[in-house]
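Given below, in the form of structure tokens, are the structures.
Note that chain A is present in both complexes that follow, paired respectively with chain B and with chain C.
Right, the complex of A and B next:
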């Protein structure tokens, strides 16, 4: 069940992480490594695309919380896009829309980054 | 110290000193023995001295383990000393006593003392030689070693004594006969020397040289002590029997070590092969024992390279191990990591790591290992270490220039690498099962914590039916609910879900319980309580962890429900045939600073109507999965709620659980399921 993978694409100044499969306590370290690496390379403008993500658990949500502070301190941000209704509901319940910018389309997030 | 001395000076040694002392007194009082009785007495005393000294030495020897090689070495040193004493006594004695010949006839006190000491030193030598020869002879471990040796010794004594007492021409043949018998026995006893077979080649070469030197020294000592030198005069004057005994022991020594020399010489050509076989046998024995013993992978790897090196007579060994897709050097023996990495790289360029099936030898070109070491390794052997049929590592053994890997070497390493694979697999499986057991134990603890944290009984309030169900997941999901009896008319409740699972979630649950229990005693408003809880948890939890919670309370006199939600699943209110999802805004606890948390948290309150049903739950309910990995889902949940009018709280909870159980009957429960239901039923 624990099938999960990520891929990172550079789109201008912004790094886009595509998530695929099931993100839970067991697979969260993969995403954590992605964030750590981006931060090490001083890439603070990050878009996470949830299009192919089937499921996210509370531990998966925790990954986003772990890095947001240091990213925002460096004038960057994590923007979330392309969530299915189910995934959005989980984020919504916890009040994530209050903490993160969540967009329907990746392009909107990229546009937002490029504007600022 | 006294005790130590006591240990060393055994009874036997005391008796030796006593007889030596008696010898001295007799000598002093009676001078040179001239009557037969005195001679017998002297010889008896000397024999007794030797006997007790021998016993003392045997006892001393038995108390400390020493190798036969070091004993032989000692004999060599002593015989060399003896040689020097005999040689120098010719110069030394005349220097001390003008004319030894005169002195022997008319000994003074000083001469007596010196000659006696000289004699005792000699007795010491002879005893030690005899002891060592006895020890070496006993190594043969035949059936009758003791009888053979004692018989020989008996003839030694006979030959020695008869030399003194049967000097008369008519019976002198007796002494010769005994001497010849003794020599025959010596030869017979020296023929089979089996103990050297167990020595390594190095030790055999060492022994070969040593035994030759010793046997020559013995022969030299025999000839010099039978000659007309001062040494012989002194001993002879004291006791001709001792002189003869000494000669016989010397003969024994020279014959024995001569035999030893030849036996060793004949063993030498096969020594290497013998070494190898012995090494193989011990290594394999050692290793098969190891398979069952070694738990730690790194220890095992160290042992594997160590044995592989010994087994093949290589100069260095290491393991190329695949870890996280990278090849690393492991358990290096006699080779640095920089060098081994370099050679590893060379090896993996020449052979395909995954496809190595059999043990091979590869010659290494000079340019590969130049650097500071020069042309160090010229040939290496590589053997696969497989677990579950997949090559996990390569066992490498390396030899220096001029050496080769024989067919035997390669097959030994091959067998050994098979053993190593099994052992490594075993240690991995063991590690896994230990880890599994540890996790299970940990989960037992977590479940126990959870069980103790959850309320054991449901509070009793008039007009309010309460039902609660909690079904723990195997991994402990971190669900928590509780009731707080604030007053007779006010009932507080909380439902929460800690992110993460297992024991860490259980500990946080315990913390959350403590926080709500104490806050509910002093604060009434749900919003205030959640803000305070967020404040505490924000600093207590790490940045990845958060808690979703909902807190509220019923005021039965006011007929009102107050409620606030911090990231938790919404509350359902069933009124008549309608169901209403109540989802006031609010962030999960521990996600954000208090200022923002306060701003976004809404409080909700509702006036209760008769038969109002309030349903609280955790995501374990809506995310329960079937075999197709589909969620139970909000919709199905809502359907059940809406179709369940006019049932008690208990009946409703049973119905929901039943539906979930049917839905997810073919799929393991992944998260805790918690359901808390209140029904407001006013009695008039």
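Right, the complex of A and C next:
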């Protein structure tokens, strides 16, 4: 079975979700639960760190689509960081860079939140 | 005189459960690596097959875990072909428009990206449906120069 896990760290006002392993239709609900929980706790400033993510399918990409609007309506954002070239290419193929801020390093995304 | 068929074949049968997606990916990558395809292309083929099977599980079988998915791989020196058969509800890919992400965003729509990925990552994607009998999706990649 594909392994996937997440961990969340609070960095000031920002919640950082670290992704690890394989994000597909089977494992996407784990990440959905993370977003649901953060939104329930009114945490709308979210950075997702892809450093340890080995694989993503469109079911995984769909998770970001599902939550972005309600998060932005609450003056928050989902910023994506530390993607491998392989994972970035999939995001790029689907036009995500037009809708999401994608940074090379987590620190850049944190800094961006702290500026606003 | 018989001409020896140099093509290689493999088959995998799995139930329509999302937990089997990793089994399918492993099957595809093992065969694609054996075919001598470079890793980046292997990963693209794996993703395309994952997308096809995810669609079958969610749409053809409507997430019922008892459906059957049969994956056949055939490859030669020049071409790597995956044929995926299911016995669920038939599917009309021509009704799936190219995704407009801005529109998806406005309409909270999350599906439909898979077919676009399949078409982008593979050289050929063909659907055949015999309603009430079976559906088949054929994915192929030219590998002579990979």
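The rule is short, and it goes like this: the second predicted complex is superposed on the first by the 115 of 116 C-alpha atoms of A that agree within 3 Å, B and C clash if a C-alpha of one lies under 4 Å from a C-alpha of the other, contacts with A are read in each partner's own complex, and residues count from 1 in each chain.
Just so it is clear, contacts are C-beta pairs under 8 Å (C-beta built on N, C-alpha and C of every residue); 3 or more make two chains touch, one makes a residue touch a chain.
Values in this document were obtained by computation on a predicted structure and should not be read as measured data.
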| item | value |
| --- | --- |
| Which of chain B and chain C A:62 touches, first, second, both or neither | both |
| Dominant contact partner of chain A by residue count, chain C or chain B | C |
| Touching partner for A:25 - first (chain B), second (chain C), both, neither | both |
| Chain B versus chain C as contact partner of A:8, first or second or both or neither | neither |
| Shared contact residues on chain A - chain B and chain C | 1, 25, 57-59, 61-63, 65-66, 69, 86, 90, 93-95, 98-99 |
| Interfacial residue positions of chain B with respect to chain A in the complex | 497-501, 542-546, 548, 566-570, 585-588, 591-592, 596, 600, 619, 629, 631, 634 |
| Residues of chain A touching chain B in the complex | 1, 25, 57-59, 61-63, 65-66, 69, 86, 89-90, 93-95, 98-99 |
| Of chain A, residues touching chain C in the complex | 1-2, 22, 24-26, 55, 57-59, 61-63, 65-66, 68-69, 86, 90, 93-96, 98-99 |
| Interface residues, chain C side, partner chain A - complex | 17-19, 21-22, 25, 40, 43, 47, 50-51, 54, 57-58, 99, 101-102, 104-105, 108-111, 113-114, 116-117, 120 |
